[in-house]
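Sharing a structure, written as structure tokens. Questions coming.
Think of it as A, B, C, D and E in the order they're written, each chain with its own count starting at 1.
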């Protein structure tokens, strides 16, 4: 019964951001999005930054926020707990469609010890046993869900690890000597680069502001990335360090999700319309040109824009569970 | 006409030992009655039974024709407004002024809200000043109570009891903490309450001499029983011994 | 032969007012000397100057042929082992047993390490028991000090001073916190220390009568100056007045 | 001085030496407690998981970090104005949870004081308070963050719990110390329960209540910082978390630490004065 | 004096009340706290708790791991408290007026105490996390630093309270400084100190949860992990275990306190 009392549509739109997007460097991106929302609905927008995935997700689930920019995994959890949570839009890939609306979950190791992770010249997951591993957060799609699913399916085939569970991966347990959580993709990457972890999981887009390809192609196993010399914090203390990718898995792009009960059908429509407009697609404050100095949520390499998405678009991630 | 009638009153705190056993006596309006007896005899308990500060175990207390023991909350509060009480340790709120403490005596007439808002009428305040003047401490009206001497504090206590407009004033060893001088002043004031205002006084006392000097009537208590009830002329040495037990008596006169 | 010689001793706490002014006297071994004087005269300060609990400002204190004022740390400790001290408030460690408190008197003879390890010899412990028996409190040896009466605590204090094997015992108002009975016991014990053990006693006292009754010699102090020094026969009423100032005297005899 | 062994009152230890300890229960318990703590501590160090730790490097690094923090404080991600604002938010959270807590605690304390309330009510309130105290504040805040959503409401509600528990204990003890006679005297005039509270209890305990409340405010400031960092409650604590956990910006951590330190020390000076003034002996938190 | 004094007091009270209300209002404004929302949120949150924080059979399976972490946390708190107590005794003796050696050391001890106490434990946790990484020692150290500050202040007070008179008496017997501290000061203040240590252990278990969340150690980490994976049944179990542990330790220390004081 309490549900019903609270599910009124009010005239403030609360937007929740994950820790990854809560940094000061993304403020201009956040504000730009906020402006679009405000213009489309004529309502006031309040941003809520978080230190924690779970809080962000639950806030949306419990009708305490209207909109969240959340990972696919977070969206699925939110949707499971509250049907009213639905995707509004997803940023597309360079093609301008949802077909390549993916980013990549990496398993990375430091260049200097790359040989330790190869068997017969090929990278092999077997080598990560008993290593110090860094995830992002256990509600992260590309920083936990996707890599842990891969690791689990690999190891549970072996006799020694056949009882391995997702929780074992969170706690260290039989597989890893220690498990760290960076609490953000940036944090996980830094865990690797400053030597606290041997192997780290994080995603490409979250660190693209700080690193550049030094060798090989983007998003290809074996490619070497180097931290830019003038990288913003937290990467400034590991500037110039290099890592290489031992595994690359494509992950569905993160949606802007709405709580239909608190946002209301009307505003949902307005928002979807506004966000998918060409105007937004060409807004350089939101889709920042690739060569720009500044950090941003989304970059324009080709025809990137927002596209409406349906709930079942996320089924591939659901199936990972 | 008896203002207060006590009949077969018994009291036990722990349901085992009886502190008061089968006490009966009555007090006429305007009388000055002293209760004497050794420590632990039950004097304080007796006074507290009169205004129901402690519930009685059996027997009856009839005050002003109303059966005290059957009173419920509201009626009990009203009963208490008619009975003033004066304590050995004055029991004033030390951080408040004299006048505030005196006005506490009017709280029984207030609704909860009035009391919380400290709404006292001008008339009540004037009366408080009048009483303080009568008791000779008007000049201290705005002092904090803990800045007064014991004798002065006791006079505030008396003023607080009188402003209730009581028919009966119960005094539990009002002078036990005072020096001889202050004691005399207090006893004189209490005496004048009966003689001038016609208010009945029931006073617990330790000092037999004082009781004899001031009382119309003396009640002697020992181990919860009335062992003497009469005027001070009737209180012979032998009777005193009976009240206090022989050895006790010796100690007290030292 | 003088055990203690004080010459032209002056003391000031704040470099302005002199608490002791130019004091000179000497005490023979085995003497029982009382120091009397009004509050603030400097009695306590004088005692503390003897064992250098406070540094003196000028003058000399010679104890057992050694110039006290020039002693450095180690030698000072050694001096203090030879001088026992008894305090008005006993100054025991309340949570420790009687016997432990007595044994504290031996700490002056220990190295830091021995003391910290509580290494007391059997002989020392036996001696402690012996002293407690002499003082009549052996039965309380294992009680905590805060469970004893004032008089008993003071006897523990005396035992602590005596176990040092001192040549001189300084007592700062040893009976000021005690009732008359206990006072008598304590003074008798102190007296017997001089008479039986031949230890010199220097005692601050408030009560002129007690001083007269027990002392071989009385020193009267007023405002930091010695205004009387003689036997109790020489202490006339006029002299007493001079020590206390006239009004004071009246108050004290009340 | 001769000594004679007298066995009557002397106690001897097993090895024949004379005992000087009373051997009382309290002594034994003290010794036992200290031994237990010692053993547990040693065990703790043996049990610790030292994975991934290179002690010496870590110590050196910490030293360097502290140097950067304390000698090169700087603001990089926000301005002075924002810093002030964030400190204000933290103070605000502390104020709200303290004041609301004090008001609620006042009423609960009336119920928890044995001289003002029925025995069973007292017991119930105390058990609830004990339970609340046992749950760490951060868990309250996190739980409220999920249940009540982001924003200061969750933080304040979460922090309220401990404030109330702490103040109920302090207030009710103060109430219980009010002279029984005063309450009796007021009751004897026919005063109602509320009259007794307002005219007897309140004036007698007013300064205590104020001082305790302020002491709690001092604690709540620290709690508010912690909640900002650990539970995303906002304020300077959140900035501290971002500076350290996200940007790894030690200079900024240093700056924020200084800001917190200054406020905390000002509050401490105040509360020490209050304590000295109104509480003669030491105060237990 | 007279009526004016009372009037003035009334005014002062009114002004004080207004100031308090103003401060509250200001705080609400700056933190965007909405009283109505808070009031509404409370029953809702309680409702949420009762419907979500349930200990289920399934969650009970996690009990061994939880207890394991809880024990680790308790050990961490005890170790931090006792080792801090050792340091604090020295600082306390240096800092107390009764036993201070010189003014400089005394000020130094008080300064250390004040700084380490007033830098919030979260700051220590975050700083130490950077170099000590995610292990028990980080949590231990964070608690240790804060505890040193707190206990030093408490010990200084306890020692100050222990009466000066025994110190004077022992000085007069010729005892050395260390004798005096050991025989007069410590015995007198030891029960107080133990009481503070016990109190601090309780406090530290609660703080350890906080520190654990930040540094990924102990029960705090366990809580955080299940919290983040939104497994609220286990969250409830973790919370419940902490509560039981704290209450048991509180009862134990209350008992000890009662016996030794």
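Note that in this section a contact is a pair of C-beta atoms (placed from the backbone, for glycine too) under 8 Å apart; a residue touches a chain by one contact, two chains touch by 3 or more.
For each chain, UniProt lists the protein as follows: B, C = Phosphonate ABC transporter ATP-binding protein; D = Phosphonate transport system permease protein; E = Phosphonate ABC transporter, permease protein PhnE.
On a predicted model such as this, the values are computed, not experimentally measured, just so you know.
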Hopping along touching chains only, can you work out the least number of steps from chain A to chain E?
1
Keeping to the contact definition above, tell me which chains border both chain B and chain E.
D
Taking each chain's centre as the mean of its C-alpha atoms, give the chain farthest from chain B.
A
Give me the C-alpha superposition rotation for chain B onto chain C, in degrees, nearest 5.
175
Higher C-beta contact count, C-E or C-D?
C-E
Could you name the chain whose Cα mean is nearest to the mean of all protein Cα atoms here?
D
With centres defined as the mean C-alpha position, give me the chain A-chain B separation in Å.
81
When the C-alpha atoms of chain B and chain D are each averaged to a single point, how far apart are the two points in Å?
46
Distance-wise, how many Å sit between the C-alpha centres of chain A and chain D, to the nearest whole number?
39
Two or more other chains touching the same residue: where does that happen in chain C?
100
Considering chain E alone, which of its residues make contact with at least two other chains?
44, 48, 133-135, 190-191, 227
Please list all residues of chain A that touch 2 or more other chains.
52, 54, 58, 62, 178, 196
Touching pairs among all chains present in the structure:
A-D, A-E, B-D, B-E, C-D, C-E, D-E
Any idea which chain E residues touch chain A in the complex?
40, 43-44, 47-48, 65, 133-135, 216, 225, 227-230
Residues of chain D defined as touching chain A within the complex:
51-52, 76-78, 142, 145-151, 229-232, 238, 241-242, 245-249
Chain E residues within the chain B interface of the complex
1-3, 5-6
Which stretch or stretches of chain E touch chain D in the complex?
20, 23-24, 26-28, 30-34, 37-38, 41-42, 44-46, 48-49, 52-53, 72, 75-76, 78-79, 81-83, 114-115, 118-123, 126-137, 140, 154, 157-158, 161, 190-192, 194, 197-199, 203, 206-207, 209-210, 213-214, 220, 223, 227, 235, 239, 242-244, 246-247, 250, 256, 259-260
What part of chain B is in contact with chain E in the complex they form?
97, 99, 141-143
